[in-house]
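Read through the structure below, which is laid out as structure tokens, and then see the notes.
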Amino acid sequence: MSLDELYGEIILDHYKNPRNAGEMEDPSIKSQGFNQSCGDDITIFVRVDENGRISGIRFSGHGCAISQSSASMMTERMRGKTLEEAEEFISRMRKMLTGGGDFSELGEYDELSALRGVTKFPMRVKCASLAWTTLETGIEEFRGEGRANRT
Amino acid sequence: MSLDELYGEIILDHYKNPRNAGEMEDPSIKSQGFNQSCGDDITIFVRVDENGRISGIRFSGHGCAISQSSASMMTERMRGKTLEEAEEFISRMRKMLTGGGDFSELGEYDELSALRGVTKFPMRVKCASLAWTTLETGIEEFRGEGRANRT
Amino acid sequence: MLDPHRIRTDFPILSREVNGKPLVYLDSTATTQKPTAVLEAMRKYYERSNANVHRGAYTLAQEATEAYEETRSKVARFIHAPSDSGVIFTRNTTEAINLVAQAWGRANLHAGDEIILTEMEHHSNLIPWQMVARERGAVLKFLHVMDDGTLDVGEVDTLLSDRTKLVGLVHVSNVLGTINPVKEIAKRAHAAGARILVDGAQSVPHMPVDVKDIDCDFFAFSGHKMLGPTGIGVLYGKPKILDAMPPFLGGGEMIREVQLDWSTYNDIPWKFEAGTPNIGGAIGLGAAIDYLDAVGMGEVRAHEERITAKALAALRDIEGLEVFGPEVRGGVVSFAMRGAHPHDIATILDQDGVEIRAGHHCAQPLMRRLNVVATARASFYIYNTESEIEVLVESLKKVKEVFARVS
Amino acid sequence: MLDPHRIRTDFPILSREVNGKPLVYLDSTATTQKPTAVLEAMRKYYERSNANVHRGAYTLAQEATEAYEETRSKVARFIHAPSDSGVIFTRNTTEAINLVAQAWGRANLHAGDEIILTEMEHHSNLIPWQMVARERGAVLKFLHVMDDGTLDVGEVDTLLSDRTKLVGLVHVSNVLGTINPVKEIAKRAHAAGARILVDGAQSVPHMPVDVKDIDCDFFAFSGHKMLGPTGIGVLYGKPKILDAMPPFLGGGEMIREVQLDWSTYNDIPWKFEAGTPNIGGAIGLGAAIDYLDAVGMGEVRAHEERITAKALAALRDIEGLEVFGPEVRGGVVSFAMRGAHPHDIATILDQDGVEIRAGHHCAQPLMRRLNVVATARASFYIYNTESEIEVLVESLKKVKEVFARVS
């Protein structure tokens, strides 16, 4: 098990130069997540357009290279997806990170493959998953409120 | 270590035919003692005459053969003693029971020698001591109150 | 069929002597002996993976955390808890019940509210309620123990009212052996809108237990009474109820965000596990569960039924000896002998290597109900044999002889 | 002079490998490793004398009770407590402090009363006070941590008032290593009529401690941080104060007379030990004290001073690495590295077998004071060697390399 597998160039690049970092005013979705085991703390902001598509997404908070780069990559990947598509993708990611799915599905050149190394570091899986599960919770709450508003 | 040493005839006789058992009205001293480790519960009643002598003494409560017979023998021995004499005797008994004194001091024919066997049963020393320490506490309190009344 | 002779080889202590006689250990209700597998599991943990759990980003900490949390899953499976999140590690049954009395009780009891207990409770399931009832102005009510040592289930309905907030009772009595109909009582308690807590200290070690089937809200037991080490116990609670409760003790691990003046709390079960837990103890308990699983809890119960039946028959044959409690019971027999105080019985038996308990067994109100100040108590487990019952009986006859010498 | 190489042979775990490298255990502040003597003592207890303590009228119970109570005397001697009756066994430091906050706090705190803590407290000495302060309407005040990681003793006098009921502070900080002048602060607290509680979780294991000399009212520590097993800790309290306190948990052993509606309580220390205690754990702690006594607490401190001085010098030599805390300190060094998050540091070090902790160390308010979200922390004990410091330094250089690859 080599450190380069975990801390590859893509991971370090996203860590040092995070995309879509910062807060958002009046987001449709705002969801905060904690990683109890190491104190990582992240907030995801999403703007959902009238077609139910993610038209804007940002993240703030602090955490390790794994959680920050995972969040950065996630924001890039999620923009433009419908909430359904986002949820489906999140559940695929979660499977891959916890060893129940295969990263090769993503294709060799997909940046997210850089998270493959995490599967060999069980203590860090939660770091890599944090942004994804936080967004997932946010989407669920958004739907719940949506429904609540309707009735 | 033989059972007969602990449960000799004198012990059993005092257990089955306790002397001075029962309560006393208007005692000078009334002192209650517990043996936490086995639930023995004893109350000693003493009448002190104008010369500071124990003119009457009784005990009530419940407990094992050792604690009951020890109480019975104690009441017989204490009657007629001054409080000072009683305290001195109690402290000798305590020493003997905890192995710091020698029962042969009592002389061969002293009934209290029957308690000698207890020293070989460390778990039962508290049973044998209960009546004595309860009386001791009672005397201390009696003195304390006496002093308190005087000032 | 469970073979106690084979099982005994797993318990090093059982080959020791007491006062020159082979040890006959008949006090498993107080605490059980421990098989080598349990001692080995703890040792292996300390010699291979010892680290503090949770929050550790290194290999040892990960191994320790996994071992600790795996035990939680084992416990959940063993008592058929629907999820791990309802399994809280405590020191023992006593702490588990205090947790409920304090965290749930303080938040849910108000002046005039009622708690129903029974006359046969261990002090562990009485004092915590006395304390919180006094503080909150709540009232304790008690189910009577009938002359045969059982409860009258119908009486529950007469005691239940719309002020009843909780029914708390022992699953198997540590004095009488009575097996209480907790499922039936849970149903009635729930129908009246009350919660139910079951003290399972003497059931989980000795028979199959299914907390989901009982449908109790809280269930407490101790590791040391089921082959595990001292210092580890369990509170099971329905997750929804635990979730709504304020915390019990404050400190590390039970928090989420901490400011100087306020804090937010962790999820269950960790919200109720403040500070470094008894990790080694939990791992020992896990090994104890593995051991009991391998024996089979049905087999454990069947063996104890055999031994207990033999003991009951033999003791009742001794003239002047009175046995307390019902026919159908757990593996515990309390008795009194005419003319001999329980402590003297225990001392005399100890001379023959026979270790029984004498006293109030932390059940003073029950002693009063039985009209005694203490009882002698023999209790059995998987490692007790029929021939040990014979040693017990012979030794009891000696007690009679000793006390018959003088009239 | 203490020879860590000889000592290491007593700790089986230290010869294991992690990720193919020799284990370098640098997290003794979280929990220490255990010498064979401690594991053997527990095993021997379970294999020879295991029984429930107190109340047992037979040989095994007597042996267990003696072993348990002897440990209490050992603890009293080790911290120079004036009597055994002030030594209460708890699960850990956290429970010890909660005992004080709940039993003493509920009885003695009233609306408007003040409690003084410090910004460097472990959550264990913060959350319990937040909880009881909220309940009683008391107010928490905090001594600041100065930039060098120490307290300003003079500030105590400005915070103390006639409403101050208690000063609670850590003896040695688990993050900064700061050794607080607890004796001086106790004097000032007492002069103002306040009680003082000292969290000794990081002092008792690492240096000679004399609670009588400090003159503190309460003192708490954990067995697992001083070579002992998990699940056992100690609260020392002045007997007079303990005596006047209401009980903490209710159950067996802490009572005297029990009626259905009320009870009277046992003497201290047993009044505060409800239910079956962690007997095996206490015996393990006793063996740990014997081990430390044999090494000598002065030697322990001297060794840690040597190792810590070396670590401080070496770490300060690494460019971009910031060390927190004062020069004079216990054996703990917290640090940050520019560009590398503590968790990433811990993961990379773990690949070299080097086990350090990363996170908030249960001291979130202190993290805020230091203006960080987390730190990396290496801590030392009697079994750490100077060459382990070199492995640490080499591994930290690797962290820098990893993170330097991309800009």
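In order of appearance the chains are A, B, C and D, and numbering begins at 1 in each one.
Please note the rule applied: contacts are C-beta pairs under 8 Å (C-beta built on N, C-alpha and C of every residue); 3 or more make two chains touch, one makes a residue touch a chain.
Please read these numbers as outputs of a predicted model, since none were measured by experiment.
Minimum number of contact steps separating chain B from chain D: 1. C-beta contact counts were set side by side for B-C and A-C; B-C has more.
Here the CA centre of chain A is 38 Å from the CA centre of chain D.
Each chain gets one centre point, the mean of its Cα atoms, and the points for chain A and chain C are 46 Å apart. Averaging C-alpha coordinates per chain places the centre of chain A 79 Å away from that of chain B. In chain B, 38, 123-124 are the positions where the chain touches two or more neighbouring chains simultaneously.
Multi-chain contact residues of chain D, defined as those touching 2 or more other chains: 19, 55-58, 61, 257, 343, 347, 358-359.
Within the complex formed with chain A, the residues of chain D that make contact are 19, 339-344, 347-348, 351, 358-360, 373-374, 398, 402-403, 405-407.
Considering their complex, residues 34, 36-38, 122-124 of chain B touch chain D.
Considering their complex, residues 54-58, 61-62, 256-257, 266-267, 270 of chain D touch chain B.
Those residues of chain C lying in contact with chain D across their complex are 12-13, 16, 18-19, 23, 25, 27, 30-31, 33-34, 39, 42-43, 46-52, 55-61, 91-95, 97-98, 101, 119, 122-124, 126-128, 130-131, 140, 142, 222, 224, 229-232, 247, 249-255, 257-263, 274-281, 343, 346-347, 349-350, 355-359, 362, 364-365.
Interface residues of chain B facing chain C in the complex, by the touch rule stated above, are 1, 3, 6-7, 9, 12-13, 16, 38-41, 62-66, 68, 121, 123-124, 127.
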